[in-house]
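Consider the two complexes below, in which chain A is the common component and chain B and chain C are the respective partners.
Showing the complex of A and B:
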């Protein structure tokens, strides 16, 4: 394997507390090493450039049944963004939901090397993995939707968390997934008959429990199983004015599970659940309340789900939410896709507009949250691709965060009412490169429990991004445009010690790995006739045909975890 | 040696039943359990037919002669690279692994790519692209649905286990089977038919009953208002499915759009000023709509009777619009009855690689989508393409004459397990394994759930999988293209040298 030496770059590596220091990074056999033989190594002259670890995105819908239905749904979206075949790369289409190959290419060009696919219905896991195989260049993992799985609900209602943990361990292995995803707990089950739950203490129909039981139950299960990531939670009442209260109640409910060492819950795309006001007319930001809570407590982490003002496609497993969004009017397409015994799903194409008061306030909420939560290690930068905007709009979000000037320029173009309601003019904070590195790679890798990613210390995986930013000569807050441009196309991206982007162009196409957890419980889940019978009752697929086999993962990376039950 | 293999997946229709028990003796399927008649016909008898292609053939002097695999691959690759605009069609009875390579081949050739969807549920896909679709996996319907509507489809004949596995005859968590009642009803029907047949036989010459000019619709039965599972069938003729249904509504041909429109009005509490719509009295429609609104969970399944009759994708669009409106009052889903076992897979695989589900064109170097322009029949009837590759499909038996006539003007490559109509017409004919019997792979059920097909017997010696054939053609195409470029380069160099 080639050796690479990156010389004289300004290294930003928050996990190793390195802030814009001029130093060399040596790479050998796909890892960061102390030094390499300078004569044999390939030298990259990074003087005047910023060197960071490869980006780690912890929430981006890039593959799976839902995503693909979204693709199929929107030829109008693809026609504006066609990608030509080259000698090296495959053809494809964009815009809001790029085809698989294009997804890999665009992430890599942005300097991202690891992406989490956060919502995979267990029954449709094979499909998700088939698509992930077709996303080159980046490492991926998926989170299985388990918050409304009948087996989990029954065990939690019975109070048998150990049994629940065993089932979940089995399911994580069977679907080759990485974390527990909970979407509108209880709500998706209710949606089976067209209903929804409206607070975390509502009864889930047909099951003797409440969303609170599901959330705390699964958080405990997550701890029992020693999962690297926390529960990944999409709260109840998402997208409803006044739902910041539900978000806070949810976080409060989890306080009891917190043991004090590391966070136990992650609220995803929190922008969509930080709405205050009683109705859409009185819609305003609840960011301050959420930020205050997060500043006072350490058991939760969040990602933003920033709106970027794009003609995008919203897609979530939260079927009832998409239906209420459709009912708001103005949408010509609505997809609902329920999955038996497990989950649900919905898709609506959505154009976030600056001149729309609610959309503009939503934009403001995302930024307010990221600026008002003091500790950047609690925050991850996402757009909930493609919900808030496509992932290749990330650099725009960076600019809004590191430059007050950029924020103000956009706010000026926003709806007047939204401008008045926005808290942004009162916020002076501007992210530094160091903090940006935290919310895009270091912090996210830490949240995900990926020890060898998100930093470029010795022993880490050699995933490196080099951007054309000179922290010594540029004031990023003032000259935000060139920096934004630099972030949208890395000069170099190195994946596992191989240069994949050179001079802003793709030079090598290689497959990325798919990470999955093999959770070993002390006593495995009993697979007896009783379970098989139940299985036959619950699903329309035979037990033998249900699990994802090795055939479905081209380049697997199995991570074995010893559970404490 | 006898071996019993359990949980085998049936590679016939979009139901993809995966509970078959197959008995294999000496590399031959001898018996099967759980399969329907269609499944048994293919898996126990059909796949062993004498019509099997066992080696590649090339047409020489008008006659198909057996050749080596290498020669056939080379010939196929040559045809495809020499052609200006080939069409790759079929794919729906192949595993998704094959479809996956197919897109790559189309991209490499810069040609048109289409699947059988364009002649079956293409209009459904277009309707979904117009307004979306509220749908669910089949299990959701099994557990919850208490009202099932089959519209312009006959699952009893075309998807024989659909009713039994996924809808009216299964026990769900919240809705129980109506099996007993139906069986009695069926038995009654069967004996009635027997008597009718006996009477027919006594007559010297059977006179078919005169065809009714207008549809005669019976009044809705009182059972429509009961709780528990109910099944309503809308169709232009009384099919077997209609016989077992609680209520059969015979509609006039090509009037589905109006009926949906009227029902949509009724769902939205609007009044209709006519007595009959599409041959169905409005008062009956009102009762049906009442049953729909009062259902806890309703499901509509529709077939080719909607997609291929007057109105085409607009029929589906209004059906979806009605379902959408019903969701304001209760929970309702709608789902197409996909035919070939992996036609959903073809849509899925094409979509994730290119963004579009069918009717693709790569002539510009990037994927383009336009049903009506790049759909197989439209291309063929205009005579736009100058070579065709047909894989795991039989347009020879199903396409219009004009399409086939144009297809025959240019070289034709076929990849099929047996000598079907299109294989006999081919210029290069490849043998292939039966996907799901001799070849493992992935298929997508009609509700787009991926299921792994199993390999239960070995293929005859020398018969490769279609995936392997496509892969080899792709490699050969690349080699020939590279040679051509080199040749072009040397030629231009020679020309330049001469100039100097």
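Showing the complex of A and C:
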């Protein structure tokens, strides 16, 4: 392996409390080291440039059956953005749902090196892994949808959390996944019968349970298993006006599980569940209430799910939500499905428009939340790709966060009613580069429990991004456009000590790893005849064929965890 | 006037969106010869595949194409002004996204002719293929917005899908799914129309002078009209059965079917 020395860059590394200090970063054997032999190392002159750890995205739908279904549904999306092959890269298509290779290329060019695929139906895990194999350059992992998993629900209803934990550990291993994803708990099970749950205390059909029980139960299970990430929660009532109350109730429900050391829950794309008002006509922002709650409590983290005003494709496992979105009208084509006993899914092409009051308020809510939650370590920047906008629109979101001027320029073009309702003119906060590094790499890596990612201290994985931003000479808030441009294409991206982007162009294509957890419980999960019988009766896949086997993952990275049960 | 003739017979499709008056304007003959096209996966210049001559004495038409252009795609794509005459067959996507000017095909044209067109005129003196005046697959907002397409011969299936404005006049017959998903605009057919015309339509007019194979069950009889206006220059004499639909889409589109050529539709009269 070559040795690399990045000289004289302005290093921004929040996990090691380094804020724009001029220093050298040495890389050897894929790790950050103290020093390298200067005469033998490859020298990168980063003077006048900003050096950060490679970006870590904790919520981006990049692979899986729903993503692929979205691709099939939208040839019109591909024709807008056809990507030609080059000597190095393969051809593909882009826009809202880029093909696998293009996903890897674009993330890498933005300086991102780790991406989490946050929604994987257990039954479709094999497909998801095959697609992840084809995404080059970035490390990735998937979260399995377990919020409506029958056996988990049964065990929670029985009150047997220990057995539930062992079962979840088995599932995490069987699907080669990284965390517990909960989508509209109870709602997806209800959707199998054409119903939904409308509060966290509604009854789930056929189970003696409420969403509250599922959320708190799985949060406890998550702690028992010593999982690196918290539960990854998509709340009930997503996308319904007035749902900020549900989001707050959900967070309050989790207070009882909190032991005081580290967060125990993560609410994802919280913008979509911070709606106030009784109906769409009186739609307004509930960001202030959510932000106040988060500022007063430490047991939750969030990511934003920012809207970027794009012609995008919404896709989620929350089938009932997508159905209500369809009912709002104006849609040409859509998909809604029930993934057997496990989950559901929906896909609707959606164009977020500045002139639409609701869309513009949604845009405002995302930014209000990011700015009003005081501690950046609680916030992660996402667009819930592709729901709020494609991931390569992130630099636009950065600009809105670090520059009041950029926000105002966009707000001026928005719907008048939305402008009046927006809280943005009252918010003076502008993110610094340090805070921006927190919400895009340091904080997200911390939330995910990835100890060797998100920072460039000694021993960290050598994932580095170098951007053309000189913090000494540029006022990023005033000069937001060049900085935005700099973030959209890193000068250098280094992945595992290998230069993959040089002078803004891809120079090496290498596979990324797929991380998965091997959670070792003290006693194995009970695989009894009853479980096998259910598989035989209700699933289309035999139990023996169900788990993802090793050969499905090309470059696996097994992370072994010792559970406390 | 620029005259373009093929140097040889083409086996694989040629993408030649550069054959466009807007692009030719202001360029010398030498510059025009160097314009890029692709033949299959090969990158070529216009001169590699075509003979190009210039006649400075003639102003209009601006471009004349002589020969078989049935493998040449995207002629006049996105053109805003000027006139192209094709003496021969034209390939797919001829006049796609046309925003003005005129394209005349003295021969047949292939699929997606006049796709997503906004303004201007396309005259086809032969047959037109499938998806004439229809947008790219899967596009719901890209239908033809304005302008006129006149076809002397027959058209294929899925003609005028997602139509949002403009007029399509067909002197021959039309295939299936005519005016599928259309929301506005007019389609006029002098001869017969295959089944499933107007599925999903929410507005606009389809006028059929010949027989209609099948009126979809989601259409309901509204009235009998003595005549119907096609455009400013043409009133089609009736009487016509007027059907409203597509009810499954809460649509208020209209299908006009001539009474004399459609005796089978007389059963609908009892519902009037």
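Everything below uses one rule, namely that the second predicted complex is superposed on the first by the 563 of 565 C-alpha atoms of A that agree within 3 Å, B and C clash if a C-alpha of one lies under 4 Å from a C-alpha of the other, contacts with A are read in each partner's own complex, and residues count from 1 in each chain.
The criterion applied here is as follows: contacts are C-beta pairs under 8 Å (C-beta built on N, C-alpha and C of every residue); 3 or more make two chains touch, one makes a residue touch a chain.
As the structure is a prediction and not an experimental result, all values here were calculated from the model.
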Chain B versus chain C as contact partner of A:328, first or second or both or neither: neither
Touching partner for A:82 - first (chain B), second (chain C), both, neither: first
Which of the two partners, first being chain B and second being chain C, lies in contact with A:555: first, second, both, or neither? neither
Touching A:336 in the superposition: chain B (first), chain C (second), both, neither? first
On the A-aligned overlay, A:527 touches which partner chain: chain B = first, chain C = second, or both, or neither? neither
For the three-chain arrangement built by superposition, which of chain B and chain C touches the greater number of chain A residues? B
For A:73, decide between first (touching chain B), second (touching chain C), both and neither. both
Determine where on chain A the residues touched by chain B overlap those touched by chain C, and list them. 73-75, 77, 79, 332-333
What residues on chain C touch chain A, complex-wise? 135-140, 142, 181
Contacts from chain B onto chain A in the complex sit at residues 6-7, 9, 18-19, 96, 100, 104, 107, 125, 128-140, 142-144, 165-166, 171, 173-174, 296-297, 324, 327-328, 330-331, 333, 347-349, 351-357, 362, 364-369, 442, 444, 448-452
Residues of chain A defined as touching chain B within the complex: 63, 65, 68-69, 71-75, 77-79, 82-85, 90-93, 97-101, 123-124, 126-127, 130-131, 134, 150, 191-194, 206, 323, 326-327, 332-341, 347-348, 537-545, 549, 551-552
Residue positions on chain A within touch of chain C in the complex are 73-77, 79, 332-333, 349
